[in-house]
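Next up, some structures in structure tokens.
One chain, chain A, appears in both complexes that follow, with chain B as partner in the first and chain C in the second.
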Partner chain A sequence: MIETHDVYYTYPNGFEALKGVSLAIETGEFVAIMGENGAGKTTLIKHFNGLMKPTRGSVVVDGRDTKKVTVATLSRDVGLVFQNPDHQLFSETVEDEIAFGLRNFGFDDKTIERRVDWALNLLNISQYRTTSPFILSGGERKRVALSSVLSWDPKIVVLDEPTIGQDYLQKERLRQFIMQLNTQGKTVVIVTHDVEFVADCKPRVVLMSKGRLLADGSSEKILTDDKLLEEASIIPPQVAQLFWQLKFNNAGREIIDVYEAAEILAREIRERMN
Partner chain B sequence: MPIIDLKNVTYRYFDVEKPALKDLDLEIDEGDFVIITGPSGCGKTTICRCFNGLIPHFYNGELSGKIVVAGLDVKETQTSVLSQHVGFVFQNPENQLFALSVEKDVAFSLENIGLAREEIVERVEWALEMTGIIELREKAPYELSGGQQQRVAIASVLAMKPEVVVLDEPTSFLDPLSAKRIFEVISSLNKDLGITVVLVEHRLDLASEYANEAVVMDEGKVSFVGTPRDVFNDRDVWALGVGIPKVTRLGHYLKERGIDLGGVALTPSEAADLIRGYMNR
Partner chain C sequence: MKSLDGLRFRKRKTPIHRLDPRVKFLLICAIFALSIIFVDLMSITIIFLALVPLVLLAQVQGEWLRSLRASALLAAFIFVLNLIFVSDLYYALAMAFRFLVIVSSFSIFFLTTSPDDLGLALEQSHFPYEFSFAFTTAIRFVPELAKEAQIIVDAQRSRGLELEGGNILKRIRNYIPILIPLIVSAIRRSMELAEAMESRCFGAVKMRTSLHALKIRSMDYLVILMIVLVLAGSIYIRFYIHLL
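The block that comes next holds the complex of A and B.
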């Protein structure tokens, strides 16, 4: 479980990026943090593995105050994938990149080998096993960064913009994997601007704006609240927009899923035409 | 005459066996707004590097075929000359920012081409305004969030008002409203100044409506070309894993339920019109 208690964070240049954030994420939850550029999302999640320490307030992960444990210890349990993969990758081959973390956490060679294979397959990068991460495409690099963290199977997975550079098939793979983690009782936190990905995954949504929490609720509720979304610089999912435009009274309220939308629309259209 | 013309282009990166571009042909007309999309790793960035001469001048792989941009043979033209015709927004904004402040970054290329002082000031203001970063002008690039950095990169290129703007996933870090705003700015540059736009994007739900042509790449080739409406309605394109707008998909799901809207929507308002039209039949 992650708890932040009235967290403030001020960067060295004096900019206050977090202004009293109190949030609880239970073990086994799947949460998407959304909000405008500069809202403080990345700053917030860097507090989850102790990479950043609050200027004021506290962050407690599974009962441990992040000010009292090392980042190394926390990272074993809280795997954080950065927004920009270039801030994370440094090894000469993709394989070494994935093995690095595993070695660091003291896994034996056999386990390392097995986990590297598993992680390479997971997000479709096996063909780049011996390639340098630096010559891969942006989307491929992102998948290497994701795979290397997922390889050590942290209890809490925190992904900053995981769908950047990914096509729909890769996103589907990622979504299915996240769902699988979630059914295993893992906690998953993503930061994302990808509204349609959120509409497909339907996690709990935490909206941030200007260093503060703006709203917290189900994806269906938050992603169909146009006023709130606008405040956080988000455009509602296409399906939600369509229902508003059609003004079908109650039909379609809080619908963000395209298959569900098709069902409801087909029914509604038939009824109205009869 | 096409402003970008690639014929039989094959490219192998140094020491890589599999070509990143395979016998690829592509023509882009002056004044077009083209979206290039396709699976991760299919060669989108590689093709962009051909437009501004990074390939072959900075990557020493093996290139064959012909690349002509703005009437210049890319193989024979220095990148410094090409960059006066082609503005390029990199996929990773950090690779593009180097000055000590946002404002200086945006002014840098303008100073380089020797514009008058007032013209520079005016264009910098305009670009900062258009990309919504006026209040960040004094900040250093490393003090910015990912999305803020990306806007600076876009502002620097737009301020140049080049004949061709190539943007490689320029909104990957942007929140949706800001992304839409950037597409609108680019679209108005395209319409008002006739600037040719090449936009590599996965966010087709937001970008499709602005383009007059869509190019889908796969495995180093161009697999589909046409209007966004035709291309994104094609189930073979879906099968490649392209992120088709949800309302476009919805049209197919309704058809499977016996409701044929008789048209293809890319945006929610187009879908609403089609549905209303269907019910009034």
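The block that comes next holds the complex of A and C.
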């Protein structure tokens, strides 16, 4: 469980990026943090494994104040995957890259080998096992970065912009994979601008703007609230837009799911035809 | 990585900022020369103390202190090495101080000279434009690089890398996961920059004109005069009177 208590964070240059963020993420929850560029999303998630310590307020992860434990200790439980894979890839081969974290956490060779196999399979990159990560495509590098963190099986997985540069197929795989992690009882936090992806996954949505929490609730509720979305510079999901255009939403319906939408439309058409 | 902040230019209106960059460079070279000419603790301390009013005048004391703090470890290293190999406490102290003087003078120079002025100064000193462009670009990239280094450190620490602790060999090895992504990204970025410049016709026109031109003013002449006098005086004291 991650709790932030009235967290303020000021960068060394004096810029206040977080202004009183209080948030509780329960164990096993699936949360999407959304908000405009510069809202403070990355700054916030860097507090989850202690990389950043709040200037004011506190962050507590599974009962431990992040100010009192090392980043390495916290990272064992909170796996943070950064936005840009190029900020972490350095090994000669993909398999070494994945083994890096495992070595740091002191797993034995046998376990490392097993975990590397597992992580390679997990994200469909087994064929690149002995390839240099630097010659892979952007989307592939992103998956290497992801598997290099998932390899040590952290209890909480935090992903910064996981869908960037992924084609439709990979995105769908990623979605299934995240859902699977979540059903296995892992806490999953994603930071994303990808509204359709969120509409497909339907996590709890935390909306941020200018260093503050703007709203917090189910994706159905948040992603159909046009005022909120505009404030956070988010385009509503296409299904919600379609229903607004059709003036369907006046019944208080909060629909973002394509299948649900199709059902309602089909029913409506059937009724009108009769 | 915050140590690089000790070199980043801040726009301010002080007499030091207004000095012609060429004259300022001369000033830094003079300080540099002075700290090399003298080897005794007393003189180097005086040179060091003489920098303080400069720093205060330029209003960069915060950044200066930060760059001092950042170089403290290296200064301590120099001190210990000299102490071991020369086994003269005063000499070792002087050497450490000399290092701090050199760091300070560079720090003052870069903190008070805008990259644009620097480029102009190079151009007006008849360096080829490609050269001055590369130079100013390099300086401009420093803060970007520092920011990026911080992100890389964060990313690797999130993967369990511990930078502190361990023996020297392990400490150096710890920096490999930081340096490789940093270098790769710097190279990638410079390739991109080159492409972007070429698509905007860099170098198509040979004759360039500048909107602003640097002019040496009376204040600058005064500083040049002072530099010459102090340097001449110091050389005289050090080599002819053998006072020290």
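Operating definition for what follows: the second predicted complex is superposed on the first by the 270 of 274 C-alpha atoms of A that agree within 3 Å, B and C clash if a C-alpha of one lies under 4 Å from a C-alpha of the other, contacts with A are read in each partner's own complex, and residues count from 1 in each chain.
Throughout what follows, a contact is a pair of C-beta atoms (placed from the backbone, for glycine too) under 8 Å apart; a residue touches a chain by one contact, two chains touch by 3 or more.
What you see is a predicted model, and the numbers here were worked out from it, not measured in a lab.
Participant: A:86 in the overlay: touching chain B, chain C, both, or neither? Say first, second, both or neither.
Facilitator: both
Participant: Check the contacts made with chain A and report whether chain B or chain C touches more of its residues.
Facilitator: On the superposition, B touches more of the residues of chain A.
Participant: Does the superposition put A:225 against chain B (first), chain C (second), both, or neither?
Facilitator: In the superposition, A:225 touches no partner, neither chain B nor chain C.
Participant: A:95 contacts which: chain B (first), chain C (second), both, neither?
Facilitator: Neither partner.
Participant: So which bits of chain A does chain B touch that chain C touches too?
Facilitator: Correct list for chain A: 84, 86.
Participant: For the complex, which residues does chain C have touching chain A?
Facilitator: Going by the criterion above, the answer is residues 2, 5, 148, 151-152, 154-162, 176-177, 180-181, 184-185, 188.
Participant: So in the complex, the part of chain A that touches chain B is made up of which residues?
Facilitator: So the residues of chain A touching chain B come out as 11, 13, 15, 35-38, 42, 83-84, 86, 135-140, 143, 161, 164-172, 193, 195-196, 199, 230, 232-235, 237-239, 241-242, 245-246, 258-259, 261-263, 265-266, 269-270, 272-273.
Participant: Sort out for me which residues of chain B touch chain A in the complex.
Facilitator: Touch list, chain B to chain A: 13, 16, 38-41, 44-45, 91-92, 94, 143-148, 151, 169, 172-180, 202, 205-206, 240-247, 249-250, 253-254, 256-259, 267-269, 271-272, 275-276, 278-279.
Participant: Would you pull the chain A residues touching chain C in the complex into a rising list?
Facilitator: 12, 46, 49, 51, 70-72, 75-76, 79-80, 82, 84, 86-90, 100-101, 104-105, 134, 148-149, 152
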